[in-house]
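So, here's a batch of structures to check.
First chain A sits with chain B, and in the next complex the same chain sits with chain C.
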Partner chain A sequence: MAESICRSLRDGSIEGEHSPALTIKDSLQSHAGTHAFNYFLCSLAANVCAGKSQARGLVLVAFSQSPSFYLSLLKRKRMDASLLTKCLRILDCYSDPLGWKEKIRQSSGPDKPVFTESDYVCRDVKDITKLLSSILELGKGFSEGRAYFAVAIDSVSSMLKHASLPSIAGFISNLRSHAQVSSMLWLLHADLHEPRSTAVLEYMSSIVASVEPMVEITDGQKGSDNLFWLGRGLQKGRFHVRFKRRNGRVKLFNEEFHIEHTGITFSTPSSENIVVSQTLLPKQLQFNLQLSEKERADRSRVLLPFEHQGNGEPIQIYDGRRSLTESNTGLNGLQQHALSIEMEAQRMQSKGEIHYIRDSDDEQPDSDEDPDDDLDI
Partner chain B sequence: MAFNRPPLAGDAMATTPTVRSSSFSRNISTSAASSASSPTPGSRIGSGGAAFVSSGIPDLDRILGGGFLLGSLVMVMEDAEAPHHLLLLRNFMAQGVVHCQPLLFASPAEEPRAFLGTLPAPVAASKEERQRAPGPGHDEQDQGLRIAWQYKKYFGEQQFSDAHNKDSKQEFGNNFDLRKSIERHMLSAQNVDCISIQKFSNLAPLRERCSSFLSKLPGNGAGLAGRIAIQSLCAPQCGFSDWDMVSFVRSLRAMLRYSKTVAIITFPSFILPPSFSKRWQHLADTLLSVRAIPDEDKDLAKLLTGYQDMVGLLHVHKVAQISSQVPVILEASTFSLKLQRRRSLVLERLNQAPVEGSSGTSYGTAGPCSGSLKGSSIDF
Partner chain C sequence: MNHSPNLLDEALGLTGRGFGCGALSQGRVVLVEDCVETSGAFVLHHLVKRALSTDSGGNVIFIALSHSFSHYDRILRKLGCNLSMHREHNRFHFVDMLKVEFPNEIQKNAVEHGLVDLYSKILKAVEVSSSGDYSRAHISIVIDDLSILEIVAHGSVDHVLDFLHYCITLTSEQDCSLVILNHEDIYPEMEAPRLLSHLIYLADFVIKAEPLVTGIAADVHGQLTVLKKGTFNDSQYTDKASNFHFQVKENGVELFFPGTRC
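The block that comes next holds the complex of A and B.
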């Protein structure tokens, strides 16, 4: 299931539609979100470097870790360093997000040693439009300038610290609808924000992956119990994915993850505890009382008792039994049955015959004549 | 009391196709009542003199009791996970284009004109249309019911012409083919106005555009009805203040009441604070919501018939009731959205799948007291 996420990020966007966007959501109870983010980042970077993906380059906006961390992470995954420099650009929003170091450097004089930082440093993360333009610039810097590129944002939570929700929503929607962005992924720490911010970011993404603890922790436990669960929360947990498909349906996945020293691994869940959201459906569900076309046609063929009158044809009432046409006496089923019993009874008795002729035998079945017509009052 | 005698053969009344359900009749001019085309194409007069326009989805028109009421505000609550509100918007706008009604469209996208390219084309009336006949309507009482009546042979046949009703239905609302997009010449000949609300800092420009659109419409009587469609009014990227949006919706509703226009607004209600979401829902005259359904859900597949074709659910919360005291009571309020042959949008009631025979008691076998009851706790 995690592979299907990697595949959809790799395949990228279809012409004329928004690009797929992955939100990785975690919380304090299970804070393995960074590991999950690194996993998907590495897989996307591997695909980009190998040329298997729609995107030709990857732009990483680093807020919570320094760029050197990511470079060493990717090198640990055995990726070629030269390929990386061609396919990866990191926008450094970690070293100096608000421009304080720059101000200190300027005020203290030019004789201080200058750090060599990476090429692309953003010194003002509050200016979202400038951030957007620098990302697009970095993206265009890849080969040909017309190629697709993917965007990874290390954490949107850090962005939300500095800028307002509408501006970030506009930023993300502009990125998603940009013609050259192939796919996006970002990390969100759900309990740092109001539910509204989380709802907005989930609304703007096409895949929502949440990292949850194995067992939900109730609010009643406080104090030392919380710390106990904190340690456990890192090692394993549940990975719940909601995939928004193009036909409007939502595909749900559930997996377990384990953190090892190499990183995170996903496996199929040991116990199936899938909850069907019955709240979608109304409480009283009806049975289908409508007729299908075939049923309607059949119903129109039924000949009702008085409809044939005046046609000049012999009376044939369709009472639902095929044996009507086959029977030569023209009696209905019950009378036939009674007659056959009588005949058998007759055969069993050698002497003493009983001939029973019913009055109504003379009449045709279901005659239209009113029996009271004969009365003379 | 109503005296409803069946017309005798040779009676002059037998030629009129309308059936009187009571002895009271509304004093409508004959041109409006019996002509096949109403004076305003695209709109229909319903009960109580209320005028309806079609929503673009014939099933929805039937569910809402005629269509969207002119002068009302329709609001659609979006779902976070599925874009079904766009289906409703597309059909609404395409219906307006087909009837040449003036249309105003606002959306938070940079280029709202691009959305017009996705409007569906109307399906030409074909044999399939006639086969998919609507169920017996309330005004065609005896038509669907065949009565075997002993004295029927003494009276002439009552000819109810179905063709008349069908034609007027086709003029009122069309089925749309979602796979084909509408022809360019229909869009360019039309006065379709598009606004992008992303750049606005508040909603005053939008309010001005709406009022100028409404004032440009011709006055009462002759003239076409207008349509306003606003997509995702409280979208997160437009940073309008909550109270600003509520006052805009209120003023739009006031402007609509005295004009021959229907406005439809879709909004993601989960983005609003709960108290404001409630305010928005109360401001609507007709309130619908769309929901997504999980994919490949075995429990739902067992529970509902036709689960494979469903793309989503539509829930009707409120139906407009402007000039009448009689509320519209719906048989069911949740419907499934299906794409029939992937072409046209169909709304159906949710039907429970038949319970499997092994789990229930079976009375079909002969002899109720024999041991044919499976799994039953009752033993005779």
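The block that comes next holds the complex of A and C.
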């Protein structure tokens, strides 16, 4: 459940253990991953600012949105601006990730272009070691030097564009095992990478939350169909969570999410959302396929020729264990299962009695089903 | 001169009153995908014309990789837009990339240097636009087209995506929007999903020009699908998709819902 994820991020790590890490995974079929990330980010930030969490500060590494976007997002959630400045540090990897603006500034003449930038800008995202040290430095800058801090990365897919998978895996592993990192969360777009990269990041996280569409669209066709699945309703979807607990148990949760103006909300899955399969019948039929109550009653009163002979014998249901009274030289195990009335009749020696043994209890009398349907020859 | 909004304008949200409403609002990234059978260039021409029209008063920075200035001048003139005049008034900045070639192996980071140069040209143009007469106007950056930029960058998709990222930072820091034309059928099977997926993640609008499923027709040139990602539509959060047919004419493009044309 989403609440338990928030609690897990809030409670942080135990001494000597890796900190809990949340991967939020989405894809183009259900690209509401940013909403889910914003939700957990806001929840963690609220806990940090209110002092309820183990972490005393939050370091946000922003790749895909500008820092001002996050600040306005958090302010919209009614977080106190002064508390935010104390508890939140944003490492800006969005404005100038490769240092191009710096190069232009250095090479341009007297009229230098003016860039509006935030406080902590990273100008070389390819250098993972330097990125790691910047994050740790920012983390140590919170109230006391030894305090815990949480790290949020938006998004790891952008990091994978600039650096190799092993270096990023090492980066995340270093962060998780750092004594002062309380918890981590990051966003990943599954279809921008090879499955290997996604798998590596999933292994390294204790909680994997996937944002999926309500109905999975499985055709891998490209072309004009490619975009139409993007046009389907995004409002609802499934939120699948895999939770690795400390005691080694893995719990799976399935929830639904709804996206509204205020953001994303999670709820327990309701049965009404199961897609009702449309019957294949056309809307107007000339005849009636259902039975009315009277017809149902009449049908149950019909005397079936073989079963209800009225001779006092109980209705026998073949349970597969007893062998038949006559020799079964000609029968093998498979055929025993699907004895039909005709075969029985043939083995009778005298007057042509018919002993009808019904195959199973849930076979309707007078059913049109072929009893040999489940034969596997 | 046709100033009434057509279906494409409505789908992109370009309808509205007042100064600056004819242009794409700030922070919008539009991806136009086309293919060999159906060229999507008319979408670019239409957006340029809307951006430069008198009621929107916007500026355009055009990064031209596939055609020369005279080509666009001729086409836009037929649409009723005088590019030469706008160019003189610094409303239309033409960045001619036709003859540009990034040296391959001379410098180690030649491709990156080339793209940084291009970016600095764009920045200068943005600055000129923001300080000129139309200083409060919206700036549209149009790239025609991205696949040629990839060729110029010697096939390096990563560098192209980095360049696009920097252009997108402009959309959030300044009043800019970005329009990219890309061909979706030129990539081999394995490579295609990656770059196209990246672009779809980055874009707010995806406009796809495709041929009709029924084949070639004399009066309908193709179908256009406009997808607006993640919007609130009557309190329902969804991707809004519109589909219509189009016919490209000399003086514009005619858009209509399938089957509504007699």
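Here is the rule we go by: the second predicted complex is superposed on the first by the 256 of 377 C-alpha atoms of A that agree within 3 Å, B and C clash if a C-alpha of one lies under 4 Å from a C-alpha of the other, contacts with A are read in each partner's own complex, and residues count from 1 in each chain.
In the analysis below, contacts are C-beta pairs under 8 Å (C-beta built on N, C-alpha and C of every residue); 3 or more make two chains touch, one makes a residue touch a chain.
These figures come from a predicted structure and were not determined experimentally.
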Touching partner for A:Thr268 - first (chain B), second (chain C), both, neither: neither
Touched partner set for A:His189, first chain B, second chain C, both or neither: second
Touched partner set for A:Ser292, first chain B, second chain C, both or neither: neither
Which of chain B and chain C A:Lys251 touches, first, second, both or neither: first
Partner chain(s) touched by A:Ser82 [first = chain B, second = chain C, both, neither]: neither
Those residues of chain A which chain B touches in one complex and chain C touches in the other: none
Partner chain C, residues of chain A touching it in the complex: 28, 31-32, 65-66, 68-69, 94-98, 100-101, 103-104, 107-108, 113, 115-116, 161-162, 189, 191-192, 222-224, 227-228, 230-235, 259-261
Residue numbers on chain A that touch chain B, as the complex places them: 164-167, 169-170, 173, 177, 196, 199-200, 202-204, 242-245, 247-252, 276-277, 280-282, 285-288, 290, 293, 304-307, 309-310, 368, 370
Residues of chain C that touch chain A when the two form their complex: 112, 115-116, 119-120, 123-124, 127, 158, 161-162, 165-166, 169, 172-173, 192-194, 197-198, 200-201, 206, 208, 210, 213, 225, 227, 229-230, 232, 235-241
Touching residues (chain side chain B, partner chain A) in the complex: 80-84, 109-110, 131, 135, 146, 148-150, 152-153, 198, 235-239, 268, 270-271, 273, 291-297, 299-300, 303-305, 311-313, 332-334, 349-352, 354
